[in-house]
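For clarity, chains are labelled A, B and C in written order, and residue numbers in each chain start from 1.
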Amino acid sequence: MSGGVLGVALRRIGVSLPLVFLVSVLVFVVLRLIPADPVAMSVPPNATRAEIEALRAEMGLTLPIHEQFWIWFAKAAGADFGKSIAFAQPVSRLIGQALPATIELVVVAAVFATIIGLAGGLLMYRVAGGRGEAASDLASTLIMSIPEFLWAIFFILLFGVALNILPFTGRLDAGITVGRITGFLLVDTLIQGRFGAFLNALSHLLLPSMSLALGTAPLLMRVLRSSLMEVGNEDYMMMARLRGFSERRVLVHHAFKNAFLPTLNLMGVQFSFLFGGTLLVEVIYSYPGLGSLMVQAVANTDLPVIQGVALVYAVAVLLINLGVDLAALMLNPKLRIAK
Amino acid sequence: MKALLEIQGVVVTAPVGGGRVAVLRDIDLSVKPGGVLGLVGESGAGKSMIGRLVGGVLPPAFRVDRGAMIFAERDLIGMPAAERRGLLGREIGFIPQQPMTSLNPVRNVGSLFDEHLAKLGVAGRAERRAQAVAALEAVHLPEPASLLGRYAHELSGGMCQRVLIAMAFASRPKLLVADEPTTALDVITQARIVALLGDLCRQYGTAVLFVTHDLRLAAQICDEIAVMYAGEVVERAPARDLLSTPRHPYSQALRSCSPSLDGPLARLVSLPEHMPGLGALAGMAGCRFAPRCPIADHRCAGHAPPLAENAPGRWVRAAGQCLSAALPARGDVPHGKGDAEGGGRLALAAEGLHKTFVSRHPLLFWKKRRVDAVKNVSFRLRAGEFLGIVGQSGSGKSTVARMLLGLEVPSAGRIALDGADVTGRFSAHAAERTKRIQMIFQDPQSALNPRRRVASIVTQPMEVVGRSAWPERLARAKKLLAETGLAPEMAERFPAQLSGGQRQRVNIARSLCNTPRVLVADEIVSGLDVSVQAQILNLLADLRDHHEIALVLISHDLSVVRYLCDRVIVMYRGEAVEEGETEAVFRSPRHWYTKALLAAVPPDDVNHVWDPHTASSALSRLDPAIES
Amino acid sequence: MSRSQPAAGQAGAVPAPRRRASLRPWRRAIVGGAIVATIMLVAIFAPLLAPYDPNEQDLLNQLLPPVWAGGNWDHPLGTDNLGRDTLSRLIYGSRVAMIVAVAAASGALVLGTALAIVAGYFGGIVDWIVSRLVELWLCFPPVVLSLILIVGFGVGLRNVILAIILVDWTRFCRVVRAEVLVVRRNDYIDAARLAGFSHWRTIRREVLPAVAPLILTILSLEMGIAVIVEAILSFVGMSVESTIPAWGVMIADARKDMYQAVWGLVLPILAIIVTVLGFNLLGDGLRRALDPKLRQRVIQ
């Protein structure tokens, strides 16, 4: 059986590669529509025409567009996205600094979202049919109407400004510095045995990750609830009861795994939305991640950074989906038939 | 001998509107140790509800209002839930109707078996594994050890049912509740499962509550039969007596409304309407069968008649003239065969039809897989002739139908309608086709657009041809409804407001709108209960009398084909393996597959002993590849 | 195959008399619709309703609190850091939100549904291409893609609408395509062809009515999403020109003064949440009321 899993997994990865290529074409083409001239912004206002032309040539902008693309793509494949116009640094270095922070945020948020989503889904299933159903329905609709960046501002107002119990800027308090090993603060602080700094980093993650999780979880709750209800009518549930198993065992050992599969599929989509949500949440919490970098680059029309970060986002989403697909493959035997 | 299971005066009610309605009324049944009790009736009769009652899994809001259910001297109804669960899967086993969906799709056979044996108290994983392998071997499943790692979707329906049977017999239960265990399987697999169940029950002395809609099957394998109607037992008798001399009008009707494979052909008895639903039961004080009963009189209303023993071992719920009057005599053979060969006009000719399906890889569209669904099928159909195509699911018979209609393009071969070649894409010959050939679809639920009213559905073809005005369409609709035995006020209804039989009539009415010369009917009665099925079959027979219409009837049910068709084609794995006049083919089949199909059907004559073993073993010797 | 029903009551549909029209299933849709209609009216009649010009600065009255927090009735909801009237800015801000909601969601509907129906109905290579296109689009978090598009197109109301259409058509396409595949499997589609219907006519008379309730539901949900996306874009200054008041801009401006004037931040946030809640209630309510089959289903 494992051969089948491996085969399907390899095929899935093989399909992702052309997608990465198409994604980069898309990014490149869209950003060539740009009305502003990237060169004009990166030279002093008193530059001569000749200087501008020289820079154009240096940046490769005089070549035909498809040649420009191939040059850019070949470099990007080697993680060389060129040099930032605004920061005057290699884009890859900027991304390298920002990426671990964002991944840390996304992982913690995904854990929260999963916990809230599954617990909430089970709760909604339990109250279904009773008085609590309408209330839980309405509550989930209300929560679903609040996007993560509004949660972020709410939390700052509530926990940061009003109650003043949790920090809401950056990754660490101003006085603390942690030597960089992996870039993941939660990991680095533990390696260096600095538990105070670990807790500090964790407290900084709490509000942004909860904002992201609350923007993601309600849909998971609803899908889990409705798939639990659907599974409840299946013949194998009846058969398990008729073989004398208790309701609890039937729910845990026969219903849950089946009901979880649609939820898992949704997680792929939801977690890539969550990745996009970091953009604003990072800006709001002054969190030095990819999102902050992207927004600054957009404000400066810093094309090389925008292209590089966009590509990293797309690859990250592809990886998330790949991970979810592989998890589904492990859990759902029906997918394991090599077609 | 003391009864193993004794159901005493049980009443089960369900909420309807403001009050509660008796879904099961005064049920008295008993099963002797090692005996086989058949529960026979149409869907909605409450026979499956009795199985659920024994298992303690009634639908929500259903409850037992009265009565007791004594199993091995303990009352199942009063018992605490935990104690009852201890009996289930140990002393009482269950075999479900839908084997494929009754195995958890994300758990393999081994894990389900392990869980089951652990509940039975078998200690040690290795010991449980060994017992599971032995149990699977006992139900004749090949390679039981490797089967443990497989999932429901990798097995056939018959194999799933064997796994469930093995699980049920792991504890050598005293009682087995089998709820239509063979309904979802094709005839040959049905015979094999029945044979297996019989062997195991004899071996372990297990008593069986066998729920089925098939009276002939029940008569062959049960000791006693209880016929149920609308939540009541209407008749109880020794199995063979019930089939040969049914006494209650409903039992009589049940027997003579389904066509048989042997004996003379007579027009089917068809009861009007359909079994009352939950809502209708509320207002019924007297006999629940009275509204459909051909011999009901004033004595049948008022109060419910009791189930009384009027001869040793024979119980009938009788009121009025049930026991004195017989059902009205049936008509003769429904159609004059013979003149079909009389050189009528050639309506449809199919030559060398071949269909290869190409499925694409879900991601890499250039990767293809080929399956030959139909191989070299040819036939001719004359005006007014009825042709049957029989075969199991997957034999390619539905693909033939779709090619005739133009819904699939043949990979090779030609199709001619009234001499005009219409091979190729549907749109290329749309006008010729829609006037000459029409289809009656299998499932009226899916064939009728739920958003259209009946009048709009049956006159749908008029929407394109010259855009007829609405009054004109309504008039045509009423005519078509009358022709198919529907009241004119049905024209205003939506499909959801019709019963299953009425929907199938609407389905037929639409196919007649263009007055086509050829109708293709794909399994049109397989979803219907026998009494409603008889209405539809008689309607088709009448259509032939009134119009010169030719019919291609596709069915897995040999007796339906025998009742209606002049000629028959038997299909097996995409090929036509036998063809000829229906009576001749069924009397002396030549191909082994036809023989096996015929042998798998229980006979109408109770003195004709039917052994499911011979039906199934003949086949396995001839074709070892056929699914178990 | 005949599948016997468990309950006696399920045998054959009861030929029910027409059901009495009941407002109960519509309750949620009515509440949502009322919220949405109110905001629409506010947007249409903004010049009549707003007490001030939204861009009129009053440097003597900066950061006034609302009336219940110690402000005065000249500026019932207070003012921002340039002394502009918050109420007037909220009222005018609803215009951008509503225009984007209606135009972007309708555009995404047309593009997404057209592709979905062609793909789902005809299948084959068309379906393959459309499905891969959707997959490609889903590689980007929607916010990132809309930002990239705005960088490419430049700011302005028209470009924001265009960007949202180009990002969110996939939402319609995915869900509607799946539904068309289900509808297509019904025999009544083949029956329509056999009645002589052309493909176009079959799509128009049989497929579209069947998926219409679903499309309406997504349309309503998508309008709420468009409001959020516009707010996000204007929050980072990538939406409408700076002279046009928008809720996202108000949030971004008020964030700088959140210690002194918390209501300037809370009010536009509430405006967004109420609007989105209105659309979500409407969509959810339509789903429940229009198609009982969809009742349990969750639409992403």
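By our rule, a residue touches a chain if its C-beta (ideal position, glycine included) is under 8 Å from a C-beta of that chain, and two chains touch if they have at least 3 such contacts.
Keep in mind the model is a prediction, meaning the values are calculated, not measured.
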Chain whose Cα centroid lies at the greatest distance from that of chain B: A
Chain pair, B-C or A-B, that carries the greater number of C-beta contacts: B-C
Chain centre separation (chain A, chain C; CA means) in Å: 23
Approximate Å spacing (C-alpha centroids) for the pair chain B, chain C: 47
Chain A and chain B, separation of their C-alpha mean positions in angstrom: 52
Chain C residues counted as touching two or more neighbouring chains: none
Junction residues of chain B - those touching two or more other chains: 97-98
In the complex with chain B, residue positions of chain C that touch it: 1-16, 125, 128, 185-188, 190-199, 201, 205-206, 209-210
Parts of chain A lying in touch with chain C, wherever the complex brings them together: 19, 22-23, 26-27, 30-36, 141-142, 144-147, 149-150, 153-154, 156-157, 161, 219, 222-223, 226, 229-230, 266, 269, 272-273, 275-277, 279-280, 283-284, 294-295, 298-299, 301, 306, 310, 313-314, 317-318, 321
Sites on chain A touched by chain B in the complex: 1, 11, 15, 234-236, 238-246, 253-254, 257-258, 261, 331-334, 337, 339
Residue ranges of chain B in contact with chain C within the complex: 14, 16, 21, 23-24, 42-49, 52, 59, 62, 97-98, 180, 183-184, 211, 213, 230-231, 274-281, 360, 365, 405, 407, 426-427, 430-431, 433-434, 438-439, 441-443, 446-449, 451, 460-461, 463-465, 493, 496-502, 510, 513, 526-529
Complex contact set, residues of chain B against chain A: 55, 57, 82, 85-90, 94, 96-98, 101-108, 115-116, 119, 149, 151, 153-154, 164, 167, 361-364, 369
